Structures are given as structure tokens and as C-alpha cells.
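Order of writing sets the chain letters: A, B, C, D, E and F. Residues in each chain are counted from 1.
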């Protein structure tokens, strides 16, 4: 069995026309996405076919992150939009309950208290279709004004996640700062999320919090030497007695969305196979054929199957076992 | 023959999904709306049917104003979106050249020089499908930061419009100030447009500029007594010798999109039938049945036909003659 | 008997020199307007003469709105100034208690809690000279930052007005946005006030609140078809079962300050004679002779007397009866 | 003969009502101060009487500084107001050409190029009634955003002043920062003006520029030890070879508006009698009787007459000679 | 015995390299100044020698004000830096307990509640090495955004100072507004401190608060005539019955850091010898030889010794007695 | 021979006390760092010893980046500080011309035109001690307001660098956004620098521009699969015919400052040994002993010597050859 822990909803395209109406309405009209059952069934079926093509048994689907608009104003349109996304995921899971499980988005909005997202968290936690959440560490979408994930700003949300035992996939949304595309910003934000969490008391205060960092952990596994050194350096508050950085790092989880075998290997060797969850983002950032091999870049299972030095039991952990351990609400 | 001078494109709904992608992209990807010929033909046919229902011969279609996003950032996404709208209008006109003519949107963007819209104006002026433009007097979309239409900020655009003999339908876009819906803002902006233009030298400097003010001229025909008095008042710079306000007002044109017979009558009596162009916004703000009469509120032709005290020749002017005079590029 | 419900204090001119000192003082010195009894008596007598000229029995006088400076900083100078205005009105009413009644201004200041105006409301409510208040819906004076009148920001004030049974004349103050003169802004703000109040729960939450909208209701009676349609439109949250817009509109009151007979007729036909209060703003926006008729534009009583289709009893309502019903503290 | 080099216009009080109208108009109406000849003659006569009381032959009058509003927006109202002030001064001088001479205000406005004041400077320079100007070193009126008087921002104005040989009385206007009253701000700004000018190249670049610093030079004569030391201090760019601070200071002029004999004595001893001009600000900051002596505090001539250690020729310089040397356009 | 009440710590220069690290760290690393005992002893010994040179028995040392950075961001670096300064002062006093006493800086930071400084105040109050505090009236360091010393913003601090009987030396820190050097800003802020405190109720509410204003009181003793007049002026809220300004002024203390004998004389005559404390700022603003006399400008004791008209007992008060009375914790 | 291409000046610590003075001065005093020859010789000698310890022949030294303060205000203090750094590097190179070569910092300041750095570039280009420059891609130091390195903002600087054939080491400075330490920000900025340059026309317009990206290229070599996929993806403007991402990447150079052998191996395999320059940042981020191996983390030469699969000639390229090719001014 293969569980893909990082994938996004493929809604019928007119769903995004609803988003455009929301953005144009100034927040005065909520309207209705009006996605019919038939249209939804068709797009869900297309997605199932994509799973079958690469041998994925079950996919955990969250809203398309770059479309989430948590920094849109007035923030009620972000709430409406995120709720509509979660509703569509719920309906999609209901159509194929053995092939999809839901990861809900949360309306943590730029410049707003995190508490304003808890009502939606409570709502989706009551639905069996959801097994985890998507956690956007940068609601400001590139403006740099969000308290980082290691800040106490996030504590009310962490507390509630822990109480529901809902794991969170750390994944930023859009980016509007003219310096990065949203895709580049994903990597930046994952790095900041890891580093600020590990610099903080978060994981001491919430030892059962489960954070899965997308895209193989941003830059951190590659730059690990830098952070190992810092932990040891007295002038920066470190010491030879401090917890080693790699030990800290292994308190987080990572997915395999790297699209490059050598990088994936570095990840597995750095954080350990028991902290890695199979993920593809399929269809998404890697849904294109490598011109040399002809293989889709997001067809990651063969890469794991052929990974040198990875034991069979480790492969099983990556492809299924870790996900089962982390996502306790999985059927 | 009946010419409807105020109506908007009915694009296939997925066209607005393209808009959502543009807004989410941070301006890093232009992408492509990908509206197929078949989908466009279907939506155009639906619109033709709406014309037939009410006896409209030809409709002048512009982009859906509240969706235009001229205050979106970075402004290139507004340019891309407006160009995509104009392209879709061109294709729609080509499908039904005797039923539609194009009114192009212009990418005058919030906080940017008006000159940046001239390239697109030149582009559409070269296309026979377009007979006029939509002129948004508030690119800031409710932020109150746009120089009013009576300011010299707009002169480079007015000069170019005059050189092409392209009339402009004054119609604002979205509104994001939490005080007004976009629909309410339309009325505010039409009033400000009229009053600032008539307070300024604009119509002396551009005597051949043709401005058609949407929705019966906002509040101005109703509040005309106030402005007549001001023109006469020495303490406010007026005098008994000044041009009468009603004379100035008749240098502009107005459409009939009022959805209320008594208001339309006030308009016709105030500005004269020779300054009014038949317009319906159909389908749009009045596409709903009056619960009493059962008639669609945007079925305005019968209202004109039955208007007490309006001569047959005046009716013809309103329904066709004025439009022919103003839109010299009409076939 | 003729009651003019919309007029403003004619203070001795040096009263405004006091305002200039306040504005120049940086709020460090309150000073004293020093308007002597003699000077006040002279200016009040001039006003009485203006009433006699046109047959007005009693006039409800409020401070000159465009001079109110509720957005001035520090806000204590606005408080001082507004209190000085109310004091001068009180003294004027005392001079001619059968000819004048007071409408007090309230120091709702830009960017400040509405609660800061309640002390002055309590103060004037204790004075028999005042029968109502002037309610400025835009303390930001054109900056667009004020919560609209339909927002809960205003509830503490509405609650107190209702408890005193004090009606409020909705009338904005200055305008400093370079897009509108203060006079043009009056119309804009009246429209926004009506539309946001009717879009909100305000009148359900305060069913006994009495709001009189100045200048014939801004643009709303003229644009009523647009708002009727919106109420019915499902895509905008409306329905055929919703309360008709014209029904909602009749929960407000309107004055007759329109200076144009045809507009006044539209108002009376649209909202009903039982919702209209005679008002002139005399001396003020219409105090100039029509060059054709030679009649002062603010001599509105003859217009009502001659209004086609208006019954005698309706005329009485407009000229006196409605005011008596609304202003329960009138002698 | 006694020339009072620092005094302000005593306009009829209604002149400031005109200012209030300008401030309330949003800059849309210039209006007219409407100060009649009779009213002006009365206020001028009152001022002449005040001169006679204390034996002043001639007074140099400028507009009342704290009323100048150079930071008001839109800045055209500051221009209109300053021009109206200068016009009233011109008319006052014409009424009593042997008792008054004019010091014109200049419309250097907050955040605007100094060049925008040159047209008014040219206008008043062509009028024989004016012998100098009032130079406000802080058009931002306490916001702290003005380039200091030692900055090159002011060079275009200095150049023009020199070309006309018009001396400038350095005197700030209002203050709106909640930390200082305008009167306290005068002292602050005089100190900053002196210190930044003396730290800069201004007086090398404009050796014939004549600056008279109001109110005895702010804090500088009293704090002179501090600035003498700084000039000598190598670590702050000084040296024993640098021009002594007291030498630099004597390139400026100072008035005697100190209202305290010991302070005036310190001034005279510090900068020299040949750099001090008799000034009283009468009527103004010192127009109140000392409860002990019973003498008006702005009756400064006796203080000079009785100043220990001041020679007769020095007294003549202070009371007349220096003014004659500086104000070459004096009759 | 001679007590110098105004002097600053002479730390080893590398102490300021620690400050540079703090400023560069973004507040992520506190680090450690690492000032060794030997280095500190050397710099303290150099300072003792400077005392001996001019006959000073004991010096009250506070941190170097212009280096305090209370407006630095994030404000925790200002806290760390100020604590490090106080620690170094404590160690210096311990090295020479008969020659130095400590004046602690307080971390009142720009834009932050004054309460955030109380923990450090409590900390130093518990240390016998400290006899008073340095009170910076402008934590915004020239931005003009600090509530002035006469505002209730400061009350929590005043209350605590009074409870510890700790006197405060009023002395501003850096200045970053491009209009004043920090040294010039000292004078401005001292003047504002005096004037706003005396305009407020502060000294009525805290009659035992002891404020010593640096540098002879800014501009106030020199400009005293202006403030005396204002106190008497009815139009500014004054009266002949009001407390005389000079009486109010004598509720404050002043130091002698003026570097100019004539100014010092004016101070002594204006506020009285019993309100003046000997201070030198040595080494500091006056540590340079007068090229004429050859004497260091901050060698102020001879100036007092030779001051005409100052009695021997007054001299003793200035040199020692007043300090003993004010600083009750002095050994 | 071993050339270390990435290292920073070890100035005597009091050099940073000079920086603190500059920051406290408000830009009014330039002062002088006063670093004596003896002190400089001592710190240079300490650095030479560090080179000897690990077998480095020559080190290219630039200023300590996190201390550069290019966002400090007023910007002249950044200019003065950067010039002082370059001067100290020049003097250090002169002390050991065979052991050090200079990499100059450039005063590109936050919010300022890049042209303002060219005078200093010209100055150091004329000095043989400098062989390249340090290029900070984020003068805003974490505020996110700098145009990214792929923007045309940087063209004037690139043009000048190319004209002098001066290579640039891309390395950010401080970080003041509360989300990242400066060290974490280095990695973010390197990633943004690479990705925006490769998304732009920069390397087509300046084919001879030599950019060396610090710290092994941020996140990019690890995340390369993501960017390869994007280049191929038609919906993002890519295609199978586009230049492969890895080809583009090899137009840049990278240093080996990774402190982790597995990461260094990934780098070498991804970009090729011919694009990697030996660098250590020694003493700096890796100057601490690994508690397991006991080896300093910045002793990178043994890691390269022992790198599996790296040929001897490749090792020579990394350790010396590439540096010789890139830095044409090396002796």
C-alpha cells in the first residue's frame, strides 16, 4: 500500500471563477461556488486515474496552496474561500473514501489573531473525512510580517491541533513580494519554519505536535552543517553540551517532494527514513516528463524503490508506515 | 433598430478561473485563459438569445467592470487580464458581427501614469471590432486616491481618444473600501466624474471628447438644483452670467440604465432625449423579474416606448439615433 | 405653521475667527469665542427676517456642517469647537424660542470611538433648547476611513439617541480628499448612509431610531430601480421574498432640500409624503435667485404648495405634521 | 528714532474667519477676506496708539506667525492665506507709511520645493511697502520633516533674497506635535536655525544674506560654551584653528524680544550691540503687566535705556542704527 | 569636598564593539561584552586621574547618553545594552567606592510602555552602588513621537522613583532626525522637559520627585521672560494670580554644565544657588582647552570659586550641599 | 597551493567601537576608526596563524558581512563604514601580500540607486590589493524591499564589474525582520539571488559577469528537481526545448562553505567541480570542533581531499584552479 501524504485537490476549473468573484466582490457578497456533483465526480475521477498510473493507493489532499489568499482583504473572503475548499475536499473524499483523505486548510489570515482560525479547525475536526491540516506558516504571503512558526503567536493553534491529534503539513500559500515566485517562497518558508521552531521552545511546550515539512525541508537538510556548528558555538549561545541539531531536526517529519534522486538520498540519510513520508504533489510541481528519462518527475515511488542503501523495511516506512503512524485518523 | 449601448461580455465562466490564477501568481506567470472556440460560441449564443428576447438589434459589449482589478498588484496582471478581456470581446464580435460591437477596457492602473494605458488603446483602436472604450474613473477601486476625471491626469488619454474619435462609457470597476459595494460605488463615481469634469476645463480643452455617463448619471440629474444654485453663487465663484449648469450638463451623454420609469423620465426631461442612449446592462444589474409586473427590470425598451411626453422621433434618438451619432465606427 | 427642519446657525462672523485660533493653537489653548450678546442678537435677528420673508414659522438650526472639523487634530479642538457651536445655538434659541429650535452637533471624531461623543450628547439632551442632533456619517471628512453608518461602530450612539428620543439629521461635514467639494460630498455620504443602513441590521436593532437624510436622500430615490433589483437577485443574496427596497427606504425620513421641483416630485412619489420633512438650508446652498424666475432657489414652500398631485393633507404633513411627529421635543 | 524690528499685523478679527473658511473649503473655493477700509483703519489706529504709548517711531510688521498654516493641505490654501496677509500689510503700511513697514510672509509649504514660494517673493519685492521677509524655518510646523535652515534646500530662496537685498526675520509658525506649544517651538526652531546654518556653508555661499533671529536667538547665546567647545574638539571635526563659534555667531543678527533684562544683557554681551535689533513683538507675547513693576513686559525700550554697561552709541545702534543698516529699503 | 553630579562612564573602548554586535545581531544573540577586570581597572584609573586634576572628590557617573539607543529595534537589544552599561558602572563604583557613585540608565524604549523599564529600575535600586538615575525624556531619539515629560505616560516611572527616593538627571540620548546633532538635541529636550512638566500637574502629583535638568536647563533660564509673561496672560489661560513661573522653575534642580561663566551666572541668579548642582560632564563636551585662557572648558570649579556675587555658603551648596540633599543614598 | 575564496577580515575589536560611534552620531560626525599599525599587525598575524593551521596558502578577505549595515540611516554612515572596512582590508593585504587578497564591500544602500556605490567601486578597482567584491543582494537587510538580483536595478553595477573584470561573491549582510537570523538570511538570499538571476536576462546581457554564490548556493542545488521541472512546464512558461535548469545553474560559481561532507558532495555532483571554489569562512560560522570527530567544522580541505569520486584534477580545480580562473587580478 502506498500513501501519498502531499497532494492537492483538483477541483473543476470553474471553482476558481468563484474565487475571482469573491476577490472582486469587496467581501459584500459570499455567493456560492455552485460546483455540481457531476463536475466534481469528473474531476475526482481524473485524479484517481493519476493515482492508478503510478500505483498510489491513497492520497491526502489539501487545497491548492498558492490559491489560498490568506492575505486577501477583507479577510472574510479568505474564510469563505477556505471553507469552500474544505467542503469540496470533503465531498471528494466522500466520492472515493478509499482513495482520498482530507487535509483541511485553516483560515489563519495575515495580520489577524490565530484564534480566528479555530472555528474552522473545530468544524473540520468533526468530519471524519479529514485526517490532518495544511499549515501555512506565512499568511502575509511574502510581506514578511507574519510572526514565524517558532513564535508564541501560533500556540493557540498548536494546542488545538494537539488536542485533536491532527498532524500539520507545513506549506506556504501565495507570494506577492516581487522577489520570489510562490514556488520559490515555499522553500524559503519551509526553511524559516524549521529553523524558528527549532530555535524556540515550541516542541518542548507541545511534545506531541506533529509537523510535516513539505518539499524535503526547504534548505535545511542541505545546509545542516551550518546549523550544527551554530548549536555548538558559545558566542551564539551554543555549547558542546547542547542537543545536537540533527537530533532536534528529527522531531519533525518531512515529505519526499524533491523530484531529484540525489537530493532525496541526502534527505533520507540526514533525517532518517523513519521521519520521511512519501509525497508527490501529483498532479503539480513535478507533473512533467524528464526529457532524458521520459519519466514524470513526480513519479517518485520508483526513485524510492531503487534508492541505494535504503532497506526494504525503511521503504515501507516511507511509503506507508510513517503516514499510518502520523495520521492516526486514517482509516 | 435598437442599439444597446451599455452591456458587458458574458464570457464562459472558466475565463474567471484564469483571472484567479493571475491574482495568485504574483505576476510571475502570464499563463493563458484557454477559452476554446466552442465554449465561446456557446456563451455568445446565450447572449444573442437574451437580445432576441427583448428586441435588441445590436449590443455594445465591454468587459464585466467589477472584475477588472485595475488596482491589483503588480499592475502587469491587470494589463494581462484587460488584454485578455478585449481579446475575448474581439472574438465574440467576430462570431456575431451584426449583433455585437466592442467597447474595450483600458489598463489605467491605480497609482500609475495614464500613459501606460495608451499602448492597449492603440492596439484596440486598430481593430474594427471596437467602437468605443470603457473608461474607469477610479482605478484605485474605492481607495479615493485617483485624480478625479476632471483632473489633467487624464489629458493624455483624452487626447488619444479624441484623435481616434472613440467615445468612452464612464463606468467604475471594483470597490474595496468597506463602505460601498462595487454597485454603489458605480453611482458615486459617476457623480464625481460629472461634477469634476464640469468644474474643470476638460470640455473646453477637448470639445470633441464624447463621454457617456453610465446609469443615468449617478446622482446628478436628481440633485441638479444644488449645482444650478452653486453656479450662480458669488461666494463660491459663481455668477448670474456663468454658463447655466444644465447647459454644461448637456455636453455629456447618459445611458438609460435606471430600472425605474420615473427616474428615467426625470433624466430625459433634465438632459434632453438627444443626450440619452438606450442601455440595459443586460444581463446584469436588472436581470430579475419585478414581482409585481413580472417584467424583467432590464427590459427597458417598453419603458421608453410608453414614456409619457416622449415624441416618436425622440424615442428613435434614444433607441438608435444618438448611438449612431456618437459611435461613428459602428457598422 | 411651517417648520423648516434643515437649517444652520448664522453666527456672527468673528465666531469663525475663534475656530481659526483653535486650529492654530495645536490644542494647547482653549480660549474663548467671546461672542457678545449684542452681536449674537444682531445675527439672530437677521435670520428671523429671512424666515419671515418666506413664511417659515420655526426653523431647526444646527451648526454650519462644513465648518465642523471632526477630523482636526488633536481631537480636543473639535470637541471645544462643537461645544462652542452648541452653546451658541442654545443662546440663539433662547433669544427667539418660538422661531428656533436647536439641533446639536456631536463630537464624533475621525478615528476615535463613538463613545467619546456621548458626554456632549448627554449635555445637550439635558437642555430643552435642543430637539434633535446633526449626525455626521463621515468624521474622516473624505478620507474614506470611517466605518459606514450601517456599521456597529455607531450602535452606542444610536442606543443613546433612542433613549432620549432625539432624531438625527444625517449630514456630513467637510471634505478634504481633492475629489469632491464638501457640498458634493454631502450627496455621496447621504447615499452611503442610506445604503449601508438598509444593508445592515441597524433598523431592526433600533426600530425607534429616527434618521432624517438630508438633501432628499442623496442619489437613492433616483437610483432606486438598481437597489430594488439587487434586493430580488439571488446571486447577490436577494430573493423575491425579501422585503422590497422601497419598503425599507420608507423607514427613513428625508428633507426637501433639492432646489428643483421635478426632483422633489420624484422624492415625494418615491418615499411618500409622510416621510418628507420641509427643509430649506436657508440661508445656504440655495440662497440665490433663479435668473429665469427671479425666485430664491431655497424658497421651497411655493414649490410644495404648487406640487401637482400632492393633497392638502400631504402638504401639511410635509410642512409641519411630519416634523411634529418626529421631533417630539418640539414645543 | 526707535524702530521696532519684530512685530505682527493686528488685523480685524474677521480676517481670521476667512482663514477658517479656507481651511474648511478643502481648497475648492478661494473666496475673499472682505476686510473693508474702515475696519482696517480702525485696527491700524489701535496699533499706532500702542506704538505711541511706548515711544516707538516705526514698526516692522509681519503676519501673525502662529496663524500662518504652511503645513495645511492642500497647500494652495496656505498660498491664498499668505497672500491675503501680505495684501493686508500692504494696505496697513499705506495707511501709516511713516509708522509701519512691511515684512512679508513667504509660502514655503511643508513638503514642497522652496521654489514654489518665489513667485510671492517676487510679487512683494516689487512693492515698496515691504522692507524684508518673515522666514519660517519649519514649514512642517512641528512634524520634524523640514530640511533645516542650514540645508541646501533653502538655497534658491536665499539667492533670491540676496538679489533683492531683503533681510529675513527667522521665526517659525504653528506647532502641531503635542510636545510644544507654538511659542515654545519658536525657541526650538531659532536654536536649530542658528546651529544648522553655522554648521553649514550657507554663510560662505551667501555672504550678504541677512538673517535676524527672533527672540534673542533661542537657546544659543546661553548655551554658547557648549558650541565653542565643539568647535575646538578634534573628535567632532573641530580644531584650535577653526573659526571661533562666537565669531561665526556674529554673522547673524538678533532681536531683543526677551522680556527679561538679565537675558537681554547676556545677549548684548555675547553677540555685541552691533548685532542686536530692537524688537518687541508688541502687541504679543509680552503684552501683560509685570505684577511687581506694573510695567508691560514688552515695553523694552526702558530696559535698553537702563542697561548697565551699554554705551549711548550702542543704544542708538540697537534702537535704530542696526535696523537702518540691515533694512536698506526703509524710508 | 566637591561632588560632580553630571558625568559619564568611561568604559574600555571595546565595550562599544559589543554594542555594534548587538545592533548587527537583529536581537537574536545577546552575547557578552566580555570586559575584563584589568581593562576596566585601567579605564577607571584614567578617570580618577581626571578627577584629581581638577579637585573633584566624587563623581556621579551614568552611561554615555548618546550611545544608549533606546529607539533601536527590536527593543530587547536596548534592554541588554542598558543593563550591560549599568553592570559596568556597578563594577566601576566597586573599584573606587569613594570616588564614584552610579546613576543608572533606564530602558524606556521608543514606542513602548514606560512600565517595561521598571524591572531594571528595581534591579538597580537594590544595588547600593546606585544613587540616582539618568532619565531620557525622548526615547524616540529625535523622531518627535515620545509623550513629553509632562505627560501622564511617565507617571508609573515617577511613582517608582519617588518610592525609592531616587533623583533623576534629565538628559536625552541620541538624535536621528537630520536636524540636530545629539548634542543640540540635549538642549532642545531639556527645554521641552522643563516646559511640559511645568505646564502639567506632574509636580503637584509627585511633590517629592527630584528632577535635575542637565546643561543648565536648556534654553529656559535665558528665555524666562517669555514664560513669565505667558503665565500672566489671560488669553493663554494665565492670570496675575497664577503661581509665578520663576517659583515653579525653582521646583526643579539644574546642573552647571554650561562651559560659559556669564551663562552660569545667569542660571545662578535666575534659579538660585540652592537649586544648582555642580556638574562637569568631564571628560566630555567641555574637555578641550580654551585657546585664550588655556584652561579646560569643563574645569568649572574655578568658575564657581570666582563667580561675582556668590557667597561662600552658596558655593558650598553648589559644590556639595545640594548634591548631598538631593542624593540621599550618597555615602 | 590552496586559495580560500570566502573569508572575512578579522579586524581589531575596537574597529567595531568605531561602528557604534557612527551609528550613534546621527551621521553628523564621521570621526576616525583610529586603528594603529601595531593593533592591525597583531590581528593580521592571528589570522595568518589560522591559515597555517589548515594549510591555506592565500585567503580572499572581505568585510564581516553581518556588520555592514547597508540599511542604516542616514546612508552616509554606511558609506563611511564600508570605506573604513575596505581601507582596513587594503592595509591588511599590504601587511601580508602573499597570504591575503582583498574583496571589497560596496555601499549599495537600502532604498538608494545602485549608482551611488560606483564611486567606491572605482576607488577600490584602482587598488591592486583588491581582486573582487562582496555583493550583498539585500541592502534592505531583511525588509524585503530590495529589487532582487535578477532585476535591472543592478545593471549599472554589473556593467562596471564586468568592465573591471571583478568577480562578485554574493553574500547578504544583516537581517532585521524578526523571522531570520542574519545567518539564516544568508541562505534565503543566496537562493533568491540564484533563482531571480536565472529567471532573468542578466546572464545574457552580461555574459562575462562572474557571480560566486556563497554557502554552496543556498537551497538551490538541493531543490534542483523543482526548478528543473518548472523549466519544462508549459503552464509556467517552460518547454522541453528550454535550456535545462542545470545548464543555467552552471553559469554561476559556488563556494564550498557547507560544513557537511554529504552536502558538499551533492553540490559537486550537481554543479560540477569546475564551478566550485574552495571557501571556508574561517574564522567564522564553522570555527568550532565537531564533538564526535574533534575536527574544526571549517577545516574543509580534508573533506575535499577525501571526497569519494572526486578526481585529483577536480580537487586542484576546487582548491586553486577555479579561483585562479575567476580572479584574474590574483597575483
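In this text, a contact is a pair of C-beta atoms (placed from the backbone, for glycine too) under 8 Å apart; a residue touches a chain by one contact, two chains touch by 3 or more.
All figures in this text were calculated on a predicted structure; none of them were measured in a lab.
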Original post:
If you take the chains that touch subunit C and keep only those that also touch subunit D, what is left?
Top reply: B, E
Original post:
For B-C, which listed pair, A-E, A-F or C-D, repeats its interface with over half of the contact pairs the same?
Top reply: A-F
Subject >> Proportion of interface numbers common to subunit A and subunit B (over half same, under half different) >> reply: same
Original post:
Taking each chain's centre as its mean C-alpha position, how far apart are subunit B and subunit D in Å?
Top reply: 56
Subject >> Rounded Å distance between subunit E and subunit F, as computed from the means of their C-alpha atoms >> reply: 45
Subject >> Centre-of-Cα separation between subunit E and subunit D, whole angstrom >> reply: 33
**OP:** Going through subunit F residue by residue, note those that touch at least 2 other chains and give them in order.
**Re:** 29, 142, 177-178, 180-181, 199
**OP:** If two chains touch, include that pair; go through all of them.
**Re:** A-B, A-C, A-E, A-F, B-C, B-D, B-F, C-D, C-E, D-E, D-F, E-F
Original post:
Across the complex, what residues on subunit F touch subunit E?
Top reply: 13-17, 19-21, 23-29, 66-67, 69, 73-74, 142, 174-178, 180-182
**OP:** Give every residue of subunit E touching subunit D within the complex, in rising order.
**Re:** 142-144, 146-148, 177-181, 183-184, 187-188, 191-192, 195-196, 199, 215-216, 218-219, 221-226, 228-230, 232-233, 238, 240, 244, 258-260, 262-263, 266, 269-270, 285-291, 297-298
Subject >> Residues of subunit C defined as touching subunit A within the complex >> reply: 235-237
**OP:** Flag every residue of subunit B that touches subunit F in the complex, lowest number first.
**Re:** 28-31
